[in-house]
Structure formats: C-alpha cells, structure tokens
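In this document, chain identifiers A, B, C, D, E and F correspond to the written order of the chains, with residue numbering beginning at 1 in each.
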Amino acid sequence: MWFDLSPEKLRDYRPDREEPGDFDRFWLDTLAEARTHELAATFLPFDSLLATVDVFDVTFAGYAGDPVRGWFIVPRGLPDEPLPCVVSYIGYGGGRGKPHEHLFWSAAGYANFVMDTRGQGGRGYGGGGATGDPDPVGASANDGYMTRGIESPDTYYYRRVFTDAARAIEAARSHPRVDASRIVLAGGSQGGGITLAAAGLVPDVAAALPDVPFLCHFRRATTLVDQEPYNQIGNFLRSRRDLVETAYETLSYFDGMNFAARATAPALFSTALCDQICPPSTVFAAYNHYAGPKDIKVWHFNGHEGGGPYQAEAQLEFLAKSGLR
Amino acid sequence: MWFDLSPEKLRDYRPDREEPGDFDRFWLDTLAEARTHELAATFLPFDSLLATVDVFDVTFAGYAGDPVRGWFIVPRGLPDEPLPCVVSYIGYGGGRGKPHEHLFWSAAGYANFVMDTRGQGGRGYGGGGATGDPDPVGASANDGYMTRGIESPDTYYYRRVFTDAARAIEAARSHPRVDASRIVLAGGSQGGGITLAAAGLVPDVAAALPDVPFLCHFRRATTLVDQEPYNQIGNFLRSRRDLVETAYETLSYFDGMNFAARATAPALFSTALCDQICPPSTVFAAYNHYAGPKDIKVWHFNGHEGGGPYQAEAQLEFLAKSGLR
Amino acid sequence: MWFDLSPEKLRDYRPDREEPGDFDRFWLDTLAEARTHELAATFLPFDSLLATVDVFDVTFAGYAGDPVRGWFIVPRGLPDEPLPCVVSYIGYGGGRGKPHEHLFWSAAGYANFVMDTRGQGGRGYGGGGATGDPDPVGASANDGYMTRGIESPDTYYYRRVFTDAARAIEAARSHPRVDASRIVLAGGSQGGGITLAAAGLVPDVAAALPDVPFLCHFRRATTLVDQEPYNQIGNFLRSRRDLVETAYETLSYFDGMNFAARATAPALFSTALCDQICPPSTVFAAYNHYAGPKDIKVWHFNGHEGGGPYQAEAQLEFLAKSGLR
Amino acid sequence: MWFDLSPEKLRDYRPDREEPGDFDRFWLDTLAEARTHELAATFLPFDSLLATVDVFDVTFAGYAGDPVRGWFIVPRGLPDEPLPCVVSYIGYGGGRGKPHEHLFWSAAGYANFVMDTRGQGGRGYGGGGATGDPDPVGASANDGYMTRGIESPDTYYYRRVFTDAARAIEAARSHPRVDASRIVLAGGSQGGGITLAAAGLVPDVAAALPDVPFLCHFRRATTLVDQEPYNQIGNFLRSRRDLVETAYETLSYFDGMNFAARATAPALFSTALCDQICPPSTVFAAYNHYAGPKDIKVWHFNGHEGGGPYQAEAQLEFLAKSGLR
Amino acid sequence: MWFDLSPEKLRDYRPDREEPGDFDRFWLDTLAEARTHELAATFLPFDSLLATVDVFDVTFAGYAGDPVRGWFIVPRGLPDEPLPCVVSYIGYGGGRGKPHEHLFWSAAGYANFVMDTRGQGGRGYGGGGATGDPDPVGASANDGYMTRGIESPDTYYYRRVFTDAARAIEAARSHPRVDASRIVLAGGSQGGGITLAAAGLVPDVAAALPDVPFLCHFRRATTLVDQEPYNQIGNFLRSRRDLVETAYETLSYFDGMNFAARATAPALFSTALCDQICPPSTVFAAYNHYAGPKDIKVWHFNGHEGGGPYQAEAQLEFLAKSGLR
Amino acid sequence: MWFDLSPEKLRDYRPDREEPGDFDRFWLDTLAEARTHELAATFLPFDSLLATVDVFDVTFAGYAGDPVRGWFIVPRGLPDEPLPCVVSYIGYGGGRGKPHEHLFWSAAGYANFVMDTRGQGGRGYGGGGATGDPDPVGASANDGYMTRGIESPDTYYYRRVFTDAARAIEAARSHPRVDASRIVLAGGSQGGGITLAAAGLVPDVAAALPDVPFLCHFRRATTLVDQEPYNQIGNFLRSRRDLVETAYETLSYFDGMNFAARATAPALFSTALCDQICPPSTVFAAYNHYAGPKDIKVWHFNGHEGGGPYQAEAQLEFLAKSGLR
C-alpha cells in the first residue's frame, strides 16, 4: 500500500531545509572536542570459528573519549595489500552482535569495519550491543534514544553517535589492511542516517550507501507516520507540549537533509514506497539535496526491508562501477 | 477476562523469595553513600493559579547527590499545625507534571509530597518530567528504563530510583508543615512498587498504600505477561540470551517481595483480576510476604486502572481508621 | 501522526452549515416543554471524606421532568460570597462518579456543578453514572447512545441531553453560593459538545470552554474517522442503508456548528492534530462559526487527550483574563 | 486454537447452577403479566418479490404489550394443511431485516416465524431491526443491551426479550397454517440463548435447536472471555465495582443453565471448540443440565460460526428423525 | 470511514485502460482451446433435504477439459417451462458448499447455476469446494491464488477460472429447464469480477450483476489497499522485485476494466464507500468503462458487505424491470 | 511470555506417536518412485559478484522428476579436498533467493547446498523462489501450502517436498568437492522440519541441526496456536468440517515425531519458550522421540527467531565437537 507522495512527485520532492546558522560551527567544534581524546583504536584478534575471514574485536575513543566497540572483518585468501573498507552502521536498536551477523562485505572482498551504536543493542533482534552511552545529564525523555537530551543540540543523543561515526572512519583508516582512500560508508535505516551524517562530516570518503535512511526531514517524518522510532519524538512532545519548537530546533542540527547538502562522495540511496518507518518522501528529501553524484533505487512493494538482497546486489555493482573493487 | 490464578489460589499464593545474601548490606551501603551528600531540600513557592492549596517547587539530593524534583502541596484553610503527609510516587513513564495533576491528597487534608521519577516523564501522558538520570555507564539496553544497567545491581536504574524514594521521605520530613511521625507512602503501578521499596527501606513510616504495584516477583511477571513495561526485560534478553540469569540476579535486589518482607507499616494493597500489566499473582506474591498489618482490595473486572476512585475512597477510610487524620 | 487537514488549512476551514429552517423553533419548543416541569433542584450534603470542599448530591428535573443527578462542589475557606460557578459536562460513557474525581475547579476557587449524563456512566472508566434515560420509544439502534432515536429530532437522544444541560445551568444558578452572572460552561469531548450546545441555547453565560469537542460537523466526522463513538452512526447505517439522509437531517438539529453560530460568550476551544476521535477539522468547523469572542489552543502531537494539564492551565488563565475570578 | 477445557472435560462439565429460589415464580408472574395484554397478532401480506414463498409482516404484543415485529414465511406449492413451524430468534445486534435473509426453513418445508429482537438490529450486519424497546427506567449502562437494567431482574433487558419469545410462540400458533403441536425453536448465538429460555418457559414445544447458544453460565463466560457481547457485563462492572454480586444475582434469573434444567423437548445443540464468543464450556454447562432428550454437535476448528451449513443439514436430519416433517 | 476518492470524483473516475494489443486474440484462442474439449455437462439429482427446490450436482469440462463442479437449483411448483437462469460465481476463497447456501435465486423464481471456483473453497467460510485446479507449472507464488502463474498470461490462474466461467454459461444453457436467452450473470467480490469477465467474453447474456467486484484496475488496487486478496500481489512482488512490470502486464489480460469495455448486457453494479477490499474507485473504473446499459448502487457506510439484502432486493427489481422475469 | 508447558514439563514431554502401519512402506515406495527418474544434478557456475566463494546454480530431479533448483556455495582458499557439506532447507514461504543470502556455512568452511522449496518463495521475504510445484490434482485448499492435497498422503504437498529433500542429499553428494560421509542437514522452522524428515529418510548423514522445527506433532500444534502456517490446517477444516480425521491421518505420514524416531545422526535441536509459531512442546515432542545422540538449546525469551546468532555459534561448536570440521 502506498501512503506517501506518488512516485512522480517523490522524484521532485525537495523541501526547504531548516538549517541553523551555526550548523557547521557546531559540528566543527564537536569533532574538534572529540579529537582532543586520543583515538586509541585497538584491534584484538577474535576467535569467531569462521574459516574465510579474520575477525578483530575493536575499541576506539568516540564522543568524549568514550570507548566504542566494533568488529573488523577481513577476508582471507586475497592478495596481501590494502583493501577497500566498508564502514558499516547499524539499524536502530541493534548492536554489533556476533561477527557472523556481518558476512556480506567481506565475502564481497571488502574489509568491513562494523561500528556498534552506543547504548543500543538490546531491542531483541540480533546478538546485542557492547557499547555504553554515558550521559551526564540523563534528561527526562521518552523510552528509547530519539529524545535523549533533545532540549539542546549539545546534549542530544545523536551528537554523540554521529561523532562516534566520524571517529570510526578514522579508526578504520588506522588499520594497515585498509586503503584509506577507498572508504565506503554503508548502513540501512538508522545506519543509513548515520551514513549520511558521516558522509557530510567526513569529506574524503569514496562512496556512501544510505539504504532506506532514517533521521531525515524530521518535521515531515514526525507528522506523517506513527511508527517506531520516529514516533518517540511525537510521544515525548505529547507530554512536553511546550517543547515542540525546541525539539525541532535541536533536530535541525541532525537532519540528514543538511548533511546530504554537504556530502560529495558518490552515493547510492534506496527507498521503498510502502515504507512507513522511513517514508519515501523523507528519503527523497535527503536525496534531492545530496550534493554528490547519486542514484536511488525505488522499491515498489517493499516496506522498511527495502530492496534486501536486490539492493545488496545493486550496491556491489555500484561500487564496482565506481572502481572501488 | 481473567488470565492469572483463580481468586481462591491468589489468596494463598506465596512463592519462595529469591533473595541475595547481601540484600540488606547492599541497601545499607547504598543509602549510606547517598547520605554522604547533603539533602539540600529546597521548597520554592510556585504560582499554580490554585486557590485552596499552597504549592512549592521542590528539589533535593537523591542518589549520588543528583538533584531530584517534586511538588509539595499543602491545603490552605486548615489549622496551622503539622499535617500528616503523603509522599507519592509516580507510575512508569509519568513525570511530576503540573501541580493541578495532584489534587487528591491535599483535598483530603494531607500535605502531599510528589516525587518526580528520574529520567522519566516523557511517555506522553501527564505534563512531563523535570528530573534527569545521570548515568556514567549507559550500558546497552532495551528502550525504556527497565533494563538500564541490569548487568549488575550496582548499575541498575532502580537502585537510583529507590534511593531517591528514601531520600524523598527525608525531604518531606524536613518541612515544618509535615508531622514526621505521620508519613504515608502512596502510588500506583511503578509508584506502588516504589512505595513497597521505600516501606522496606525506611522503617518508621506510618502507612503504605501500594496500588496495583509493579516491580514484584520479576521471574513470574516476565514470563506471564507480554506488556509494557515488564516486557522490556524479556525483549532485552531476546538479544542478550547470555544474560538471563544475570538479569534475574540483579532484579532480586529490587523485587517488591523482598522489600515487603521487611516492611512493618500498616498497608492497604490493591490488585485487579484483569490486570495484565501488573498481574494479580505478582501483587499477591508481595502481599503475602508483607510483614506488617495489611489488607488488600481485589477488583474483579478491572485492568491496570484497578479500583480507581473506589480505591481512593478506600484509602481515605483506611488512613482514617489508622488514626492518621 | 497527522491525518486531517494541514494546520494552515484548518485555520480557515469553515464549511457551510446544514441548518434546518426550524432549528430555533425546535429548541425553543423543546426547552419550553421542559420548563413546564418544575426544576426542583435539591442539594443534599454529601460526606465525601474531603477536607477542603463541601460536596452536595444534586438532583434536578431535566428533559420531560426526568430526574438528573450531579455533584455540587464548593471550596471551603473562601470569603462567604457568591462564587463564579463552572457547570461541567462529562465525556462520552462517563458518569458523575465520585466527588473526588472532580477536584480541579474547586481547587481553583470556583464552585463546580457537575452534571451526570443520562443513561451513560457504565463504560468502564471513572466511578459510574447515576441517572437514567427513560425512553418511551426505544427504537432499534446501534449499541451505544449515538443512534438512539435518530430517526427523528424529536426522539433523538441528545435532545434529552442538551435539554438537561440547559436546565443544569438553571439548577446551578438556583444555589445561593453561585453568582448567576458568572457561569462558565466546561467539558471535554462529549462534554465539549454539550458545552457548545448549552452556550448556544443559554445566551447569558459568562464563558465557554469546549475542550476537544465532540458532536460537531457530523457529515465530515462520520466519513473521516472510524472510531468510537462517531462510528456508531456509520455502523447503524451499515444496516439501515435507507436512513442515511434521515439520520443527517436529525443530526443537523444537534450539530455543534449550529450552536456555535448562536453562542456569544467568550470561548476558549482546544483541538489536537492527532485526535482521531474528534478530528481537528470538525472542531475548527465549529470554532470558525463561533459567534462570540474566541481563541483556540492547537496541540501538535496530542490525540484525544488534547492539552491535558496544559489546557487546564490555559483555561485558568483565560478565565482570569476574562475577569471571572 | 483451543482455549477452553479439553474436549474430554467438556463432555462432563456440569457446574452447579446458581438458581434463585423464586426463579419459577418470577417467570410465572412475568408471563402472567404479559398475558394481561391481548396478543393481537397480525399477519399482513408482504410483497417480497419472491416466487416460492408467501411472506407476512407480523406484529404481536410482547412484554408490557409492546408491539413486536417479525416475519412469517410459508413455502408455496405444498399441500394445503398445517405445517410444522420453526420459530426462530436472531443473533445479538441483528434485526429481522428483509424476508429473503430467512429462506432456509421455508425451503426445507417448514413455516417460519422470525421474531425481531426489541431495540436491536442496528449493529451493521443484515438489514436492520423494526422493533423498539421502550424502557421507562433507562438506567446507567454500558453501551449495548447486556447491562440495561441489570441492577434488578425486574428491569433487566432480557426479561422483556424472553417474554417476547414466549409470546412469539403463541403468535405463531395463532396462524391457521401452523400445526401448533409441531413448533420448533431455533436460533444461533443470542438466538440460541433465547431458544433455551423459550424451551424452558414454554413446555409443549416439539423441538429446540440451540446453536452455539449465548446467555449461558454467565459467571464463567464473563471471566473466561473478553469479547462482545459478554464483555459488556465486565466493562460495566469496571465502572460500577460495587455491583458485581448484584449483577450476577440478576443474571441468575436469565441463565440458560436454569432454563435448560426445565426444558423437556428434544434438543440438538451445537458448540465449537474455537468459539471465544460463546465458549464451549458455557454451552456444555447448559447442555449437561438440559432435561430433555438431547444431542450436541461439536465442531473442532470453528469459531462462533459453528457448523454453519453442516449444522443446518444436521438440524434437518434431526427434525426428520424426530418425525417433525 | 471513507478512504478513497470522494463520491463526486468517483462518478467521473475513468482512468485509461492498460490493454495489451492481443487481448482479444488471447481470449479467442483460450476459449477455442477449451472448446476442443467436450463440454460433457452432467446434472446428477442430489438429495438436499429441501422441499421447494430440485437440486442437481453438476460437472462440466472447464479449462483444459478439467472437471468443474457446481450446483443447479430449480424452484419447484412453477409452470413447467424454461426459466431464466442466474449463473452465479463465488467470492474469493469460497466453494460451492452445500446447496442450501444458495437459496436466494431459486426462491425468486430463477433457475440457479452455481459454479465452483477451481482450487478454492478451503478458506474457512461456507461449506468448502469440490473442484481441483490442476497446474502443470506450479510456479513459485505467494500463498493464495492471486499470483499463481503470474509470470505469463498463459499460466495465470484466472485464465483458467475465466475460461471455466464462460464454459459454465454453456453448461447452464445445455439444461432443458433453462431459457438460453435469459442468462443472468451474478456474483459478489471475486464473483463480481468473474461476472465482468464472463460478460465481456460471452456476448449474448441478458444481464450482469457485478456486486462489489474484485479484479478491476489492478494497478490502483494493489497500491491503494493492503488487504486480502489484492495484497497477495504486492506481497509476492516484495520478494520478486524484478517482476513488477511483468506482473502488471499479465494482469492487463485479466482486468475487469478491459472486459467491461467489451460487455453489452444491461448491468447493475454496486460499490461501497468504506470497502477497503475492493475500493470504490476500482469499481467505478470498471463501471465507467462498461459498454452496456448500466446502473450502480453506492452504499455510503458499508464495507465489503456492500448492500447485502438491500442490493439483493435491488437486483430483483432490476431484473424485473429488464423483463427477465 | 510463556504460553506452553513449563520448562520442567517440556523436558519430559513425550506424547504417543500417531504412526500409520505402512509409514515405512509409504516412504520406501515414494523414494523408489522418485529414483526411477535420473537425478540429473547440474551445477552451473554463477557470477555472484562475491570474492570468497564459488557459486553454482543447481538443478536436480526431485519428486516425479520435477526440476528442483538450489545453490551450491564453496569457500575459496581452502585446501583442494572434499569438504563437509551442509545441505540446508528453507523456512516456510522463502525461496533460494540470491546466493549472498546464504553466506554463513561457507564462511565457516563448509560447502553449502541450498535447496529451494517447490512452489514457495513468494511470501515477501528474501529474494524469491525458482522452483515450481507441478500438481496434477490441485485440490480445493486453503491459501498456502499446508493443505494442498491433504485428503490423502499420496497427494499431500510435503510428500513432494520431503522427496526433494532426500534427493538433494544425493545431488550434493554427487559433487566432487563434497565429502559424502560428512553431510550435515540444517534448517530453521520449515527447514528444521524438512531436516528431521530427511534425517529419518536418509540414514547415513553425519549430523542434523533442526532449528525451531516446524511440522511436528500436528495434532497439538493445530489446536494450541493460531498462527501461520500451522493455522492453515485449522482454517481449511473450518470449511471442510468433514475432513478433520482424514487430515490428521494424512499428516501422520509427515509428522516430525515419526521421522525423529527413525533418525540416528547426532542432532542439535533448538526451541524457544515464547515461540507461538512452532511451540516448544511440539519441538520437544520430536526431540524426545529422536533416536540418535542429541542435544537441545532452549531459548528463554525468544519467539520463532530462536537463538539466532547464538544458535549459529552453538551449531559450529557442535559440529566441531562432532569432528565434522
């Protein structure tokens, strides 16, 4: 069932961006602060029982120097030279889980750096998370992560996550098997939203693959659909009726549209016309503002699962065509 | 619809308690640590637009000295002498909201000290919360508060909340209009669970009114029902399959049954036979372990709303009969 | 989730009214007939266990002289002079319940006259009703009250209720503690719809506070949403396919838009953009036809709970600004 | 899905009956009072556009002499002599609708007298009702008919309906094409409950066909399932917590178990193991108390639709075997 | 609740048809192939226990000569001459069941030929089916019949069903009690869709009664609603993302709009404004392309049940007015 | 939420098997018939864009010689000698999809032979199916595959599937990179049920890994839960009330309990206590009858997802311990 704009209107849907005047300054300062902490990326060999990959248990310093976990997975049997590396981000509520939950990119011949999402990983799918989200404020919030600290961009949860995401790229690049000039950012849903943010914050990545991305065009998303996790914002504002505009102001620092307008790497997006979790108009809003070379796959009868294995195939082709493998 | 034990079996339902050997030590240490911070209870007059009560905006030092907010509401027009005071705790997800959300106890002639629940208050009902839950660990968790820090009793969320609850009684007693010998603890659902905890931790309160209490007999509750918020625990353990027993061990430090077995104040419980949020068997499990004089109202066709205005009436009668007003 | 007109379009949404030519005559005759019965308002002191209010159990003669029940609640401790009085009407399915379910207005310094809704009060929330709805016809109807007697305005259920509502104002004014020139009408949902009707039928009230009002713009409401209780009308017409226009003709005598066009008291409305029970366009339809001074609060992320404690606060400020206290 | 007792236990399920001491007196007086009104059965020829039946629009005096409507349908082309007649009662919320909704019994060679259910017929299925339920009390009730007047057997809705049902038999017998010694009572769900009541109240009927009967063993039904319409009772008692035992006392005058224990006509019951509307244990409770010759069809995978066309076939065979055609 | 175009826009809704160039050729060839098999219609007398009709168990050769079952029901007691005959088709998932499930048309004086739908009849309503759907390909499909063989018009399930439907008319006409010049096609939902197809394929039928017809304007239906059975198509295409256009191409050979444009018999359609199974715009799409004399009943508050007994009455009047009885 | 037997009772739950006397004969004959068709296994190299595996598009002759599709995936970079091979079967409604949906076993160092399930693969998850299910009978059935041909074991759908499964093992063994003595059978849900069947039919496999297996203890499963796909059986029998025992008789030839009693390979089962799709008691019924060495993982808070990545890890350990790698 289609519920959003028609496919024709989606193609041209390019709403005005709400962008605070100090957007760039905010992020420059935020990343600069994070970089005052040493990156301290460690890669501990991990016995995953797998035969075709080498797995490393990763820790690096993210926002505020907090330890962020991940996996680094390298295919065996390829020539011993630096590989293109996919830095992948995880969907809302998921955690890094077990290494064998992440076999696609290494099977395709890429090194794969999987970043855990702080605090998340306990939502009941996958193997769980391993990274804490220390929060010195802990403001009154809706259940879930979407409204943590939403009263100010300084305290908002995704400030920490997006900073981790930028630092994860630095951590990936620090490994000798990674070719720093061939970093690909990838992720679905929240992972797609983080991909956009990282592509906007880190200028020199080689490609971005935001798949059914979340965290785009909040003002429309929060009034168009009533599904987890966008609905956490509206649910919070059902109590805190006084904070509606404050919340949107905070969110304008984190909107995928604003990051898209700064990104320059070639990108392959996807969206699905029945996706009520990350509605297609919010994806096209980011897509149509995206400043780099771009393409988008539109799946006609899919919900939030999007193109699934078809999108994966398209991604391999896109990267091959882009000369990344 | 009844879904739990029959009314006859509920009366006798008194399961074994899982109680860690160092339960008392854990809580003694916890409260002692909290008391190293000055209570610093402040009562700022607040213009509530109301005519029959005086309202104060309260702050006091809770767990780790964190500032905890609340309301203090005193009926006008009564003789100028210390009043019995109801310290009331709030249901899951609610916040202290506006003073006029709390008019019952003052209308009945009691001073009323309403404690905000840290971090909560953004769930979409009521007027919202005002208290943060600083958390230096921020471990991977399910959405919601039930699994925050569940890997250890030291880091578990309710360690902080129950400590706040005990400190709230001290704050209430510090006000000159309160008769410290006539403290009544009250609350429904999570507020009922906190009431039990505080009644177990603070020996000299005058009465306890746990209404459809939450946070009792976790092992049964988590496998009997699949509703918010008990289900957050199971949902977390769906990812973290390795933590099932660890979680129950942590929860044994926070189970209402164990606090009930230590409480001595006269208590009026309630439970409802159709309550799938806080099932009647989990309430009777606590009730049948309660060590003080006690009574319980059983509502035959109610869900989690319980006795509602009928229970309120019964509470007034119970307190009157107990000589508290 | 928003599902109705955009906020911008709502502001200007003023559909044509369907108004029968004998609308005024119908209501003049109806009220005249009711007034052939003596009002016979009695106020029996009631022991509510409360300390800051005096409570009276009220009975007066409503439609056809039928006895209608209510509560009259007066704050203690105020100067002994006539008070402004809020006549309040109840949401669909609720009953007058217990006096302590109605503490807000007296706490704010108003006398409060609570009218029970005939036949209702058994829907499972609150403390229940106490007033019968004698019906000499008892026509075939859908479950619920919305289609009782809908085949003619003469037999329609709300003819009886709105008549009761007008008589309730007379009953309130008959009490010596009430200042008859300062009558405020208030209610949420069905109570808001009755408020509009009473404000249209009783010209000299001092203010009206229709909160998320029901019973407005039936033709749109019944085709726009499928929720209780508006959906009772469509469900009835699913059987009685022959009565569609007959039903709308009956409803045109009871539509809040038509009462609004006759009301002159200053009014504070509210509506909520996610309210699928009383959709915002049906509220604005009445608001934009309202003939007196008016304002409206629009709650962006609320459903039928509307502004809740925020709206209550706004109402106190509105009445204060209007010089009513 | 099975949710009730196992098939083996159902066979023997014969709970104690709650029967008031004046049960027989209550009904004798009730029927005697009804018979003080002339039956006044009229049969107006009705143009149904049908070719194989004659249809009559029926009115007769039911409870309190209120006019009750129905259809009388006689197959054409059979020998011109009195026919066995099926008096049929309608499921909850349905009305007599159009004659062509009732073609089964006449096609099978029976005269068919269809009784409308007072007040009902507006629930959205079928063609609607035509009979009012005048109610001089109109007590506060839940939406729907199950709790109307439930505070006393004298005012309870089904007192009026069951009286109508007994009078309907008299009306059927008054028609010259009906063989008064071959009256068959039939109906599904509420129609089955009325069948049981009429079979208990009218001693000399020739057969009874209670199909998935409603209105049996209220105490179990109201606590075992949460579906319309049994749940109306619990929903009412959720507000009126004080009336639980009063309601059951009233219902004991209307329980199918008590009528079953008085019935003597040969009966074919049915029940379905997945029926959550009229659970199988409540049907077997009546069946096992039924005092006449009896059989029951148990449908293993059906819900409230029961045996449908298979049950209809079984009924024809049962009546043929009983020598009724 | 209305969810589709407004009633005004529906009246004029006449979208372009997607019609393959070889549509007529495809069907000519298909029917020609079927007619290479002998029709072999047999009518075995069947003991239905009914008194006013004669029932025959029918078999005839459908698509590929496969045996297709049905009932032939003739009213008794009418003059012994050929009757007008209603050939009726069944809703999705139903089967021919028992003869007494089909009493309307014979009661109205028509012979009635009921065609079983191959493969269907096991969906849990009615008495079940009796006809197999031999399928030598058995391609990967969604559960249900809507996507069987959808990769090509040659293998698509409804090619077989529509061919059966045309052959059923021939079988009906082969019976001596049938007046071949007075064939009426009728059916609701899928039966309505088959009615349209047969009316387009068989030029000389006397009337068509497509009631809330299914299988019209697939492209809109599959993106407008998400209900069974239209949603089977989208669900299949959620996996087979590569087949979206292939599927629509296949469906263009089976779209009710294209058959409507070829039909010439007088037709009475129906649609219901709340019907989310066969949305009104898809019905009007076919209606507005219908090439014969036509009328349509629009039911304002009904869902897929449509006009029910009111539509049946309208159908009798329509046929009488058309001189068919 | 737990809904089935307690964990303690599950351990001992070993219900009697319903086993037809000619069970072994039926399957011997069935497999013998299939083997009259040449296996004709072909392995076409397939360009999957993957770097660490070789992929082959497989076809072999299954039941009745029908072509069955699959993937054969071999890890690159391992010593060039025969590998242990996991033959894996797919969950209900899924298809073989794309090769990169099957990366786990090859990453762990096994050859992996993935068998497509005939007719399935269009349920909307994964990449779709590629194998037809030719069916010369096509009997009336419920939507879905569970009731196809259920009137006889000869025509039942799973006769064809289980035969395919046995032939798939032969096809796998025919490839030179496979060590025929180290065949492991694996699959979840329906794949687990097929695993059990194949383990019972093919005596010399080296291990079996039935994960949350479906198709076990039909009599309990069909009455205990009401979820897809077990509920298709009850839904069919809701129409075909006459076929209840016939269906169970057919199913007794396909029950995992009966295959388990014949299997001898070491097996690692899994079940989840909240799994309402394949309830734990039905899994333990098979487990406790399993005739080979065995172990079972019980997941306390999982539904049908079972142990997910934890189970995968346990499977690797189990196989390693069994000396298979």
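Here is the rule we go by: contacts are C-beta pairs under 8 Å (C-beta built on N, C-alpha and C of every residue); 3 or more make two chains touch, one makes a residue touch a chain.
In UniProt terms, the chains line up like this: A, B, C, D, E, F = Cephalosporin-C deacetylase.
Only a predicted model underlies this, so the values are computations on that prediction, with no experimental measurement involved.
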Touching subunit A and also subunit F, the following chains: B, E
Same vs different contact residues, subunit A with subunit E, by half of numbers used: different
Whole-Å gap separating subunit A and subunit D, where each centre is the average of the chain's CA atoms: 63
Rounded Å distance between subunit B and subunit F, as computed from the means of their C-alpha atoms: 50
Residues within subunit D bordering two or more other chains: 97, 125-127, 235, 238, 305, 310
Category of the chain touch graph - line, ring, star, complete, other: other
Inter-chain touch pairs (all): A-B, A-C, A-E, A-F, B-C, B-D, B-F, C-D, C-E, D-E, D-F, E-F
Subunit A to subunit F touching residues, read off their complex: 49-53, 75-78, 97-98, 100-101, 103-104, 106-109, 125-127, 305, 308-310, 312-313, 316-317, 320, 325
Parts of subunit F lying in touch with subunit D, wherever the complex brings them together: 222-226, 231, 234-235, 237-238, 241-242, 244
Of all residues in subunit E, those that touch subunit C in their complex: 1-2, 273-274, 299-303, 305, 307, 310
Subunit B partner contacts - residues on subunit A that touch it in the complex: 93, 95, 97, 118-145, 147, 235-236, 238-240
